[in-house]
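Lettered A, B and C in written order, each chain numbered from 1.
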Amino acid sequence: MSVIINAEHISYSYPADEAERPVEALRDVSFSVAEGEFVAILGHNGCGKSTLAKILCMILQPGEGTLSIDGKDMTADDITEEDINQGRRKVGMVFQNPDNQLVATIVEEDVAFGPENLGYPPEKIRRRVDWALETVGMTKYARHATHRLSGGQKQRVAIAGAIAMHRKCIIFDESTAMLDPHGRKEVMDTITRLNREEGITVIHITHYMNEATMADRVLVMQKGGIIMEGKPAEVFSRTEELWAAGLDVPQTTELLWHVRRAGYDVALDIFDPEKCAAEIARALKGTAHGRDNT
Amino acid sequence: MKADIAFGQYYEGNSFLHKLDPRWKILFVIFYIVVIFLAKNVFAFALLILSAVFLILISQIRLRTILRGLRPLIFIISFTALINIFWLKGETLLIDWWIFHIYLEGLINALLIVVRVVILVVGTSILLTYTTTPIALTDGLERLLSPLAKIHLPVHEFSMMMTIALRFIPTLVEETEKIMNAQKARGADFSTGSLVHRAKALIPILIPLFISAFRRAEELATAMECRCYTGGEGRTRMNVLHSGWRDLAALLALCALCAGVILLNIFASGYTLAL
Amino acid sequence: MAEITLENVTYIYGKGAPYEMRALDDVSLTFRSGEVTGLIGHTGSGKSTLVQMLNGLLRPDSGKVLLDGKDIWEDPKKIQQIRFQVGLVMQYPEYQLFDETVEADISFGPKNMGLAPEKIKEAVARAAQFAGLAPELLKKSPFDLSGGQKRRAALAGIMAMEPAVLVLDEPAAGLDPGGRREILGRIREYQRESGANVIIVSHSMEDMALYCDRVLVMENGRLVMSGTPAQVFSQADALIAVGLDVPQITRVARALQDVGVDIGLDIYTVKFAAQRLLSGREAHEG
């Protein structure tokens, strides 16, 4: 599978603000994302994950290191405005605040904004918009006013706007943080569907642990660096390390951790309540031979 | 419950007027205004009244809505009417009591001016605001003015500004309400005290509002950049405006109205407007 | 003591308009003093409307809001006084910060109350301590603080009025796990120290389970459930029926019962579940 995003040794510092020193936001970050992958980036506020998102979207230029998008080095010295625009046609972003990223008053006009910028003929834009709205399940709101929608619906319109340009990869920068549980579920369902059915690469930045369990791979950030990387199961097994990084683990993992500490042999990487219960039942019933001192 | 401010007051509908091309509509309104000011005598005005009634009928907008739109104008209408009634001198003296001298000509003149203002407001609001979405209006305006872009006037930028303003007005109104409530919860008082006191009381609302507006603007700019916005150049639109038989029919009707008003001005004799 | 009682309160948005909506429908309930009460319900269930009733930002169409038995609308001119007694922290309160320094911003409320300068200073210092703001932060501009600090500065702005009732609408929204724990822990501590009547509105069942003494559930403008977290969360089916969720750990407890490990259904925190699950067994084996 080809690599869509490749970041090598990226560092970034925000410029000094008046008397204060420059603030280091990212230090030597390296990772790559394959096409079709679903990667979650976890970390508490101020760990550098939003800075990373802005670099991936080429809103910020990394101070050091290289970033390639679909094989093209975006940090090369001879990079032009046009190259950056080409990069943005491949990688899109959905932001945190649903109110601050919609441009038009009518849903379908907003979704059309991106394709219009690319200069497509009207019929092609129309097809793209209809497809995008269908994909996020917002077809029946096509002529509605954007400011009247719920938070989750607004985010789905923003997602439609991002995919209407036929992007290979979408970055979600805490796109669920401001939503209620219902809206969060709406958006997560849409994200997973995009990934599974449309084959769009997803990079999902979040601090909700249960959202990260849906990903193929999880990166955990702290103080501007990546401190853990692996499948959700692997990462959440390292419960104490996550707690130390100011993060939570799913409640199932937390309970299993208590059970393990009491001397039972259980796995920690279970996120489903039923499976968690089954694992505990198995361990408790097999106490006689299940004890070891971890 | 949500802030829904009357910006443009568009009424959803499917009438003949709703389906007109917004570019033509803007031109029609200008034309209609010209015709209204051309009318000079009672007969021409009668024709104008007919045209306004016709507009109301085909717009499918309820009369009550239209009358409500006139309410803010009651003061200015009555003021001009009174000036005409009391100050215009004519031949037929109707009332002559103390310092009041009211002439028939004054009365009729007042009536015609009232009719003119009412038709002006009703006609333009039906043609433009009631039956055209603000976004279609902005769009129509941009395209009408697009030749001016050739002489480097920022037509696209202007229309993008209008679009964004339309998009953010409800958001900011809602935000103002929230901030006001938050400060009220801290005991802020906006409704009592001297004028200076009240102006000062606005600071805790205005500062957070401005900061929030700037933050929104910054985030929106980033989002637009991420969506490959690089200005008007090379940009196309999804909705293409089509003019069709309806626009032609409307144009012909307006021309007929114009001709009718001119003919009545010349050939019909009746009370003529003095102003 | 500060008890808020709603008596048959009804509130209708857009009365007479085609989109008329009954946001609160004949609601009667009491928020008791000395407790943290959690108010849950999905968006549009009427909980935000209810919150604005408590300090008189909205006035009921019918029914009464009583503070210690007295109708808060008895004299509408004195509604401002009610707002000093019932402090309301709105959603995303950091957007209300406006003054040059954090200290000045926190003192906005006490100043409006007409307190003497030295009293204000005391109140601000106390509130800042409750909210966990280090003294050196007080001289800074509120706009230079981090997200979590801004939130706590705004919270301090309400706490400085020392209200007998503290109402918070989604105090932890948008914060990361560390930030959530910090702010909710501070609120809990404030309740313990001051004995105030604290009301928290939230979507997060997990947070409610951890920090509240009593939970009220709203749906369609009505109160549909109330009780201790254990009582409410043990009725998982009823909660799910009104579009809410139960904490994940409660689901685990139900699943455990299904596979023959009964730790009860009144489970709502992980620690509690672990205790029930393991304590008996340790004793048995040890």
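Descriptive notes on the structure:
By definition in this document, a contact is a pair of C-beta atoms (placed from the backbone, for glycine too) under 8 Å apart; a residue touches a chain by one contact, two chains touch by 3 or more.
What you are looking at is a predicted structure, and each value in this text was computed from that prediction instead of being measured.
Set side by side, A-C and B-C show the greater C-beta contact count at A-C.
Of all chains, B has its CA centroid at the greatest distance from the CA centroid of subunit C.
Averaging C-alpha coordinates per chain places the centre of subunit B 46 Å away from that of subunit C. The distance from the centre of subunit A to the centre of subunit C, with each centre set as the mean of the Cα atoms, comes to 30 Å.
Subunit B contributes residues 2, 133-135, 163-164, 166-167, 170-171, 215-216, 219-220, 222-230, 234-240 to its touches with subunit A in the complex.
Put simply, subunit A touches subunit B in their complex at residues 54, 57, 59, 81, 85, 88-89, 92-93, 95, 97, 99-106, 108-109, 112-122, 125-126, 129, 146-148, 161-162, 165.
The touching residues of subunit C, counted against subunit B in their complex, run 13-14, 19, 21, 23, 52, 55, 57, 80, 83-84, 87-91, 93, 95-99, 108-109, 112-113, 143, 157-158, 161. On subunit A, the positions that touch subunit C within their shared complex are 44-46, 150, 177-178, 180-183, 207, 209-210, 246-248, 250-252, 254-255, 258-259, 262, 273-274, 276-278, 280-281, 284, 287. On subunit B, the positions that touch subunit C within their shared complex are 1, 175, 178-179, 181-189, 203-204, 207-208, 211-212.
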